[in-house]
Each structure stands twice: as C-alpha cells, then as structure tokens.
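Chains here go by letter, A, B, C and D, matching the order in which they are written, and residues are numbered from 1 within each.
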Amino acid sequence: MSAILTKNTKVLVQGITGHQGSFNAGQMMEFGTKVVGGVTPGKSGETVLGLPVFDTMAEAVKITKANTSIVFVPAPFAKDAVLEAVDAGIKTVAVITERIPVRDSIEFIQYAKLRGTRIVGPNCPGLASPGKAKVGIMPNSIFSKGKIGVVSRSGTLTYEIVNALTESGLGQSTVIGIGGDPVIGTSFVDALRLFERDRETESIVLIGEIGGTAEEEAAEFIRKRMSKPVFAYVAGRMAPPGKRMGHAGAIIARGRGTAQSKISSLEAAGVKVASVPAEVPKIVLKGA
Amino acid sequence: MSAILTKNTKVLVQGITGHQGSFNAGQMMEFGTKVVGGVTPGKSGETVLGLPVFDTMAEAVKITKANTSIVFVPAPFAKDAVLEAVDAGIKTVAVITERIPVRDSIEFIQYAKLRGTRIVGPNCPGLASPGKAKVGIMPNSIFSKGKIGVVSRSGTLTYEIVNALTESGLGQSTVIGIGGDPVIGTSFVDALRLFERDRETESIVLIGEIGGTAEEEAAEFIRKRMSKPVFAYVAGRMAPPGKRMGHAGAIIARGRGTAQSKISSLEAAGVKVASVPAEVPKIVLKGA
Amino acid sequence: MKLLEHRAKRLLDSYGVPIPEGYVVKTPEEVRDISYSSVLKAQVPVGGRRKAGGVIFVSTLQEARTAAAEILKLRVSGYSPKEILVERKLDIVREIYLSITIDRSGRIPLLMASSEGGIEIETVPDDKIWKWHIHPFVGVQTYQIREIRSFLRMEDPGGRELSDILKNLWKFFWENDCELAEINPLVLTKDGRLMAGDAKITINDDSLYRHKDLVDLEEELTPLERKAKESGIAFVQLDGNIGVIANGAGLTMATLDNLDLYGGRGGVFLDLGGTDDPKKAERAFELMIEASPKVILLNIFGGMTKCDNVAAGVLAVKEKLGISVPVVARIRGMNEQRGREMLSGAGMIAVKDLDEACRRASEIGGS
Amino acid sequence: MKLLEHRAKRLLDSYGVPIPEGYVVKTPEEVRDISYSSVLKAQVPVGGRRKAGGVIFVSTLQEARTAAAEILKLRVSGYSPKEILVERKLDIVREIYLSITIDRSGRIPLLMASSEGGIEIETVPDDKIWKWHIHPFVGVQTYQIREIRSFLRMEDPGGRELSDILKNLWKFFWENDCELAEINPLVLTKDGRLMAGDAKITINDDSLYRHKDLVDLEEELTPLERKAKESGIAFVQLDGNIGVIANGAGLTMATLDNLDLYGGRGGVFLDLGGTDDPKKAERAFELMIEASPKVILLNIFGGMTKCDNVAAGVLAVKEKLGISVPVVARIRGMNEQRGREMLSGAGMIAVKDLDEACRRASEIGGS
C-alpha cells in the first residue's frame, strides 16, 4: 500500500543488536525490504548483517535517509526509542515490543500524532506489502502478492489467516498487524481508511477478537465509508467471559465487546464473517 | 481568504459580557460577520446585543454550530478558554488577550496543533476578510474589499497601513494580525503559505518589526516558495538597541533581529520594502 | 492489578482525596475502638461483596467482633477475605460517582461523573453520566471542573472540595499508571465534607516494574496457575477436556472456536504469547501434563524458531516426564515437515492444518 | 524579569542543581568567614560585571572586606551593586555551557549545550553548540540526555550528575515560567562534582502574577519611569527632543522611523499599548509634560474609542497642568474630524496624516 510502505521505504532497526532485532533485520532483508541500518546506544561503529549500527536515531537518519523504523527495544525503554524516532523525523514507526505500560503508549502515540508520525502497534507483528517491504516479524513464507488488504489485532492468528489466504491463491496488497494492546497508534478504522484509498487493494480481511469495541467501530465505519468489500473473522466465540485470554485486549466485560456483539455489528454492515480461520479464504473466494 | 474566513464563518465571543467583548461583538456584526453567540461562565441565559450567552463552549457550539471563536478573557484565564474552544471542536481561535504567560501560549498552541485547530495570536488584533467576516478588533472603517493580503505582527500599525492602502484604492482580501508575542499560533510563514494558495489574493503586504527572526524566516520562505509579489514595511529602524519597545517582540539583541537585517533579507528575496508606512501603498501601486 | 479497597483509599488519601477514618484488621480480636457507628467491609479484589454479606454495620465492640468473624468465614466470588476494613459510618447526604479510565477509542483517559452514585454505574442511563476526555498533555482543565460542578449541581459546600478531588484524582491516576480509578460513592456528608466511600483502583500490569511499592497484593492462585504465571504463560481453566497449547491470544481463541466446530471443548489452555520459543513450549507441555487433560492439542505458528527445534523440545518432555494422553500437534513455520515427522515418529498425531488438528482432537476429546 | 545571580542560584539549588557554598552581604562588615579562597561577585541584573571590576578573588578576610567596599562603589552598565555574593572558589577542571530558552521559530523551548563554557556563548561557533528542542508535553528525554553526555564527552565522573542537572534544569525552567535559564559555566571540579558557577535566569514578565514569591527585585527606575510603569505605559528615553505618545509598539516605532524622514529625533516616548483608552492617553500626556520635550507628537489610531473623547482628555490635561510646548496631534478613528477640530481650537496642530504630523513635529523639533 503506497499509503504506508513503498519501494522507497528505508528502515532502521531500533535495538538491532538484540536477538530479535538482528534476526528480524535479516528476515526483512530477505523479504526485499531496504533495511539501511540499526540503532543501539553505545554500539556505534559495529555492524549487524553488514548494516551500520548507530548510537542515535538523529545520526542514523542523517546518514541513511531512513523514513521508517521498527522498535524491538525492551518495554521500559520503548517510549524513549519511539520519541527519538519521531524527533528524528521518521514517518512510520512499527512498535513490536510488548508489555509497554499503557501510559507510555498513550504518550508516544499522542506525541507522534502531534509531529505527524504514524505509529503501528505497540505489541504488534508489524506490517508488510509483498513485493515492496516488510516492517515487522511476520514469517516471510506466509505472504504472496495480491489485492487483499489484511488488518488484524492479533499476532500469530494473522500468520494463520494470511497463510490460509496464500494457500488459496489469494495474495495480499498489505498486511497490517495493528496490535492487541488497549491503546494503539493505528486502529482498525485508520487501516480501513488507508485500504479504501489504496489503489492496490480490492478487498479487505479484518481479523478481530473479543474485548474492547474496535470491531464495532470498524463496522460503523464500514457501513458509512467503505465501498470495497470487507470480510472478517472474530476470535473468541468460545472464550469464557471475564477471563483474560493472554493479553489485555481480550477481556469480556458487561456484555459489551463479546464475539457475538462484534459479529452482529460487522454483519449488519454487510461484512461476511467466517466462523473459523480456515473459512476466511472460502468466503473471500465466494464474495469475489 | 477561504483558507480561514468564509461566508460560513460562525463566531462565538469568549468573554462576551466584558466591555471589550461586547463592543467588538457589535463591531464584528456591523462588519457583516455571523456572530452567533458568546460564552461567559455563569452568565448562561443572558443576552448581549441580542446574542445568546452560554456557560460553556461545548453547549454553545452544540447549539450555534459555531466554527470560530474570539477570546477576550483576561490573561490568567485565557489558556483555559482556548483549550475549551479547541475541545469544543472550534477550527479557528483568534486570541486577542495580551500579556498571556508565554508558557500558557506554548501549551495551547501545541494542544491546538494536536487537535487540528488554528490559533491566531495571542496578543493580536485578529483577522478580517472584507465582505466576509471579521474576527478581531481592527476598526471596520479601515477596510475595503480587494486583492491584497496583509499580514502583520503589529496592532495599531496594521490599522495605519491598511487604512493607507484603502485610501489609495488598494482593497484587501484578508488582513491577519498575527500578534507580537514571542510565541504565536500563526506565523508569517503560515500566513504567507495561506496567501500563496488563496485565489482571492494577488499580492501581499507584510508588516514586520524589529526583534526575533520571523521576518528573516519569512524572507527565506518568500525566496523559495512564493510566486505572488510581496511588499513590506519593517518598523523600528530608529528604535534604540537593547530597549523594550512596548512588548516582548521588540527587543534587539546581539545584532540579530535588527531592522537592517530584516530589510536586507526581505530585499534579497525580491521584496520591495517601504521606509515609512505612507510609502506602502506607493510601492504596491508601482509594483502592480 | 486490582488494589484492595483499603490500599486504594490509603493511596488516594496520600494524593489529597479525603477518606473516612478507619483501620484494617485480620482477626476479630484486632477490632479495637468502636466509639462511633462503624462499618466492617471484607477486603476482596472483586465486586459483589455486599450481596455476599461482606459489609456489616455495627454499633458495639461485641457486634463488631462477631461481624468480623463472620466476614472472615465468607467466600466472595471465589476469594476468601483475609482483611477487614473497619470504618466510621458516614452521615450521607448525597452519593456521587466519579471515575477515570482509559478510553480505547479515544486513546486517552476518560473522566466520568454522575449524580447517581452508590450504585453500579452500568445501571445508570447515559444521559446521567458526564464524560470528558482528559488529554494527558494538558491534564484536567478548569473549564472541565466548572462543567462537572455544574452538571452535578455541586456548589458549595463541597464544590471547592470537588475541584480539588478531581485534580488530585487525575494526578493519582496518571502518576500511578492506573487503568481505572473509581470512587463510588463519593459521599457528601452532613457536615459538608466529601469523602471516598469506596474506591476501585486497577494498576496497569505492564507498569508494575516501576511501582514496586504497590506490588504486595497476594493473588489467590492454584499451584498450576502460579507456575504458569512464573513462566510468563497465560493460563485459563475452562470446563472442557482438551488441553490447548498455542502461541498468541488470538490464535488460542481461534483454536477454541475451531474445536467447537467439531464439538470439542477446551479445558486448560496455555497461551505462550506471541513467541515460538521452544523452551517456553517445553515448559507449557510440562505444565499441561500436570493438568492431565484427556488430549493435548499443540498449535504453534512459528516465526523465529525452526519447527524441528520445537518438536525436539516436546520429545524431550516426553522423555523426561512421559506423556500418557494423546497429543495432536500442529506446527507451522520453518522446517515444519521435519518437525511433524519427528512428532509422528514418537506416536503423536502431527498435522499441517489447524482445522484438521481441531477435528482430530475433538474426536478424541469427545469419545 | 532578570534574577540576580544569588537568587537564581538559590532557586536552582532548590531544584537539585548544585551550587557552590556562599552567602550574600550588603556591607563589607558582613563578610565573615573566609576559611578558603573565595570570590566576591557584584550582584547586578546585567552582563559585563567582570570587565567592570565586579568580580574579585580573595584569600583573607582583610582582602575580602576591601574588595567588598570596592565593589559597592562600582557602577556596572548603569546599575549600582547593592549586594555581593561571597562564594567559595571552585577548583575548575572543565567549564560547560548549558541553557534552556524559548525558540520563537520552533514555538517550544530549546536546550543548548557546549563544551566551550565560561565564555559568552555568542562567540562560540555553531558546530560546538548542541541544540535540541524540548517539547513541554514530554519534557527532556533520556535519549537527549544520552546525546548531550556523548556530545560533551561527559562520562563519569560527572555524567550521572549531568543527567540529573538536565532534568532538574528543565523542571525548573518550565515550572517557573522562565524565558531563559542559563548555567555558564557549569563547572566540573577537581573532586568530580558539577556546580553552577554562574546562572542567568529571566522570568517571563507576563507570568509574574503567579510567581509572587519571585517578585522582590527592586528595579532601578527614574521617577518618571516608575510612574509610567505604574500606569501600564511603556516608557523609553531616547536622545532626541520630540516627545512621542502613540498607541502600540509598532505604531510607535513607525512614528520614530517617520520622524527620521524629516530629520526629527524622538526623545522620551510613551507607548500606550494596543489601547486607545482616553484615560491612559491623558495620563501619558501628564507624564510627557513632566518630561518637558521641545514638542509633543501625539499619534493615536483609535479602535474602541471615539476621537473626540481622546481630544477632550487632552484638553482636560491642558486645563489642569498647562502645556507650554507645541503639540502636534494626529488622531484617527471614529469622530476624528470633531476631535481634530477640538484640538486645533485649543491651539494645537491637528492633522490627519501621520507623515504630515511627523514633518510638522520635526520642523519644530529641529528648529
């Protein structure tokens, strides 16, 4: 999707000298992404996979002309890393780090908004546009180039469904993992708006889950603003009420945010909803 | 200028029950502005010049559908008034109040930026588009409709020069008094950018004064980005160095911000600069 | 992390939010002075204690000690109260509702106020709840406080105190990484004072590393729950008989949904989080064996790890502890075929498809 | 408002920025203990005191008292020191420059740091000054501190102290409505400590109403300056002989520019600010009479007031105090013709045009 990732996307890896950072830098490069360097304070002068490591984002941006970054630094330091990226003029920051205090997320998301930087995440698998670039941790093998935009709150469930799409011959224009935290930089609605405008996207697969009201808001937006067909899967029909299902996004409380409420809202907005992941490619093929 | 004031500009007067507020509400209405009400906490239900007075901006906006406000409330309460306007969804706020602590201005300007609201001022005479609307305190008598955009850091000096333009048959598209404080919401560069885009503006008169580097930055912008002719006057050639000339904007320090530095920068950018106010219409007529 | 009422109140008090006089006891004997009408309140991190008999009003020391003994015997939504808050009974004129929470859609905090305090806020109609976003970059604004006072018809007495409470509650909320700070009711007393009658505070778990002073609440966990927590594995006890291990909350939930398609019911389930770390998978397997489900369904979609490494980990657990129940393994990712071969070689059902894995596990579970 | 060094330092100290040991004296006799090498520094709210002899190093009590007496006799850029700061002399290893100011273009505060401390920052080349905007919504960031430390090659000793000083200086700057908070030099001492060797702090005048505790510095003003200030009128003493009264800084400066066109030179000038309040104009006229210029030029461009009201005010002053010098009046706005008629009826020169008014006043002034 030209709105976020393009062939000119140049990526810096914040926390490149860590295990996750270096592994995924390599994977992103294999995907064809222009990874231009990394930042780890105090490690200036080192190289990782032949990429230069810088002490600061300001210096890294000055030298590499990067416009995008991916954050792997541990939760207690993630806010600082994101603010540094924003101040350095980075236009898109994918925050992979999980367990970031929600106050920190609120602060860097609002600051990024003020400065005109897009945040994807935190606690997300990042995003990818097959044939262009991947800024994230999703396995390369699941993707194929095509016309479907995928937006998902979930991590590995995204892999599952994107993989299923690929195996059914349904390629993707862009896949955005928006993250499962209560407060995130790019919402379903933000992503849908981008997909609606994006010429390379013909239809959209939305992967939701129980908790919060993001799917209900997406349904409202789809009803009012979307002309492209949207398909969905909402995880958690069988999840027990009131229990945490692994992360903060997945709480059912007070009858709102249930799978049923989300599925009904989406269906009322004309969205076909699959009941299990394997059904997603089937409804897309049927709908197309 | 359609970029700020239009025939659909609907104005709320914050602090309407004060002397300045009520007087200027009347003057704005005489100018042809759609003043739709006012806000003074605790005065809900009263009327001023037949206009309804509300307790809160939220209520006032809900009922009047106003998109613009003008702030007359005293300096210690001005920040609260601006934030209230921003939160109520107002798109343009002209802050007339002077002597607002600069920290307060910084805060409400940054907050307004975050929420997409334009601030003009503080410590400014507001703005006016003859034939459309006036959101300010400039005397109605000085204006005439025409093709000249005027932007000025000064208050009464603006009246002087706009009046001189009018008397020479040079009408104005929009006059913006950006205010003389160190930190302001709409800068020379912001205003020039609006004028460059505005179809109703054919040439621009910029009224600067000593202190700061806003005129130098404007010159830089004019050189790089402006296709329309710009004329200027810079007050303070004869002002003594290092003395405060009435407000914080007018300090000469360390050889920067002098009248000479500003005039040279502007002239180097192709701007004709008048040496006294009365010369402004002459250079405009000559240049046109 | 939810704070017990008495801890929540002590914290609010330190931020200038008035609370009633009171003290905490752990035994009936610790109830001392009852020189005024008092109320004894079971300290549990869940709602519903009043209905369960956990709130008792008393006038004498004898009554108080009897009440305390009764409360300590209760079980409130699965929690046994270990502490009781003994508080001076308030002379209530009005009860107000006040809370700050994080609005996911707005992405910033939300302040709510209502004149209908003292009851569950969910039962109050929307037009009786005042809502305002608080932007953390500017905090609670004077105009907002003015609006709240006007909405609550809260002029003096109490109006000025309300303004302070709003500012202090916000400061408390933000500085302490709260997800919820609720005062319900905020009581206006006969002598014109405002006091937090009850308080519910939830601290964002991800922030606890910087609030070491707040972390002392002992959660009531089963031994298995505790072990899972210590390993960073989310543990949920369901009522079915299929033990599910998956990585990621979404994938775990999708697995439960998919089991349902074939009549299968999840029992214990373990979510490794977004990781495919073989060590964590191994640990989850060990825990799952302790939980002794009828069948174990392993569903891993790998990103960073090779599937044969995950398989090797599973086989190591089998070697060490033995696995007496059938295992359906579905592993995707790098070297997945080799991984499946290793597992089926060890007698496990190893498949490629999630749907198939769920069908097979449901067949075993349902049989 | 500029703070004297010792007050600036005391404030910084209260925010955790270390300062040298020291005390303030008003007379030589108050110099007490000199148990170590000391420095006596004239306390004036302007620069250039060192060149003027206002900084003296001493080793004995006798030297110190002699130095104090000398300093109290000085005049530094028009200011007579009334206080002397007696400070322990520092063992200097390095001198660093550190400041926070408000960047008009950026519209937010700007932090500057340089290894070239101890000298005027204007003389330091740009590439030796580190600059970073501090957004007040997020404050000084850890990454910025890391960058500053690296830029200043300021590892321990001193590195951790520098981090604290940066955070504290920012907190101080923002909470106290500073326009400038400059520590120059920030001294690294032989024993590895960091200390503010000198400090310049300017508080935003418009914020002083909320910093009552800071407002006690007596400005040195002439009686006329004081009266003008009390009336909210900006007063500037120039070297010409034309007394200018105008409303608004821009218009006032334009008037001076325009006088220059005709060889006229502004003397005293009074700026009423953006107002055309007839009371303020009257008051300015009274003050101007006290200043006794050769000619008075009144230039009012009215917004809210009727010109005949302003004229009536001027005539009232003439009635009350008499006006012995010629007056050139230029009043624009509502009822301007009537206003001009009233003034010319009283023997004043009343014109419509600013240019003409300046020409007439210059003729009289220059004659």
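The criterion applied here is as follows: a residue touches a chain if its C-beta (ideal position, glycine included) is under 8 Å from a C-beta of that chain, and two chains touch if they have at least 3 such contacts.
Small disclaimer: the values here were computed from a predicted structure and weren't measured.
Visitor: Which neighbours does subunit A have in common with subunit B?
Guide: C, D
Visitor: If you tally contacting C-beta pairs, which comes out ahead, B-C or B-D? Let me know.
Guide: B-D
Visitor: Cα centroid separation between subunit A and subunit C, in whole Å?
Guide: So the centroids are 26 Å from each other.
Visitor: Per the centroid of Cα atoms for each chain, what is the distance between subunit B and subunit C, given in Å?
Guide: Centres of subunit B and subunit C (C-alpha means) sit 53 Å apart.
Visitor: How many angstrom lie between the centres of subunit C and subunit D, each centre taken as the mean Cα position?
Guide: 57
Visitor: At least two other chains touched by the same residue of subunit D: list those residues.
Guide: In subunit D, residues 135, 137 touch at least two other chains, as defined above.
Visitor: Subunit B: which residues touch two or more other chains?
Guide: Only 107, 110, 114 qualify.
Visitor: In the complex formed with subunit B, which residues of subunit C make contact?
Guide: Subunit C reaches subunit B through residues 133, 135, 137-138, 141-143, 146-147, 150.
Visitor: Taking the complex as given, what residues does subunit B use to touch subunit D?
Guide: It is residues 20, 23-24, 75-76, 98-104, 106-107, 109-110, 123, 125, 137-139, 141, 152-160, 163, 180, 182-184, 187, 207, 209-210, 212-214, 217, 233, 235-240, 243-250, 254, 275-278 of subunit B that touch subunit D.
Visitor: Where on subunit B does subunit C make contact in their complex?
Guide: The contact residues of subunit B facing subunit C are 41, 55-58, 77, 80-81, 83-84, 87, 107, 110-111, 114.
Visitor: If we count contacts the way the header does, which residues on subunit D are in touch with subunit B in the complex?
Guide: These residues of subunit D touch subunit B: 102, 104-105, 107-109, 122, 135-137, 174, 177, 179, 204-207, 209-210, 234, 236, 238, 246-254, 256-261, 266, 271, 273-274, 301-304, 332-334, 353-355, 358.
Visitor: Considering only the defined contacts, which subunit A positions touch subunit B in the complex?
Guide: Residues in contact with subunit B: 110, 113-114.
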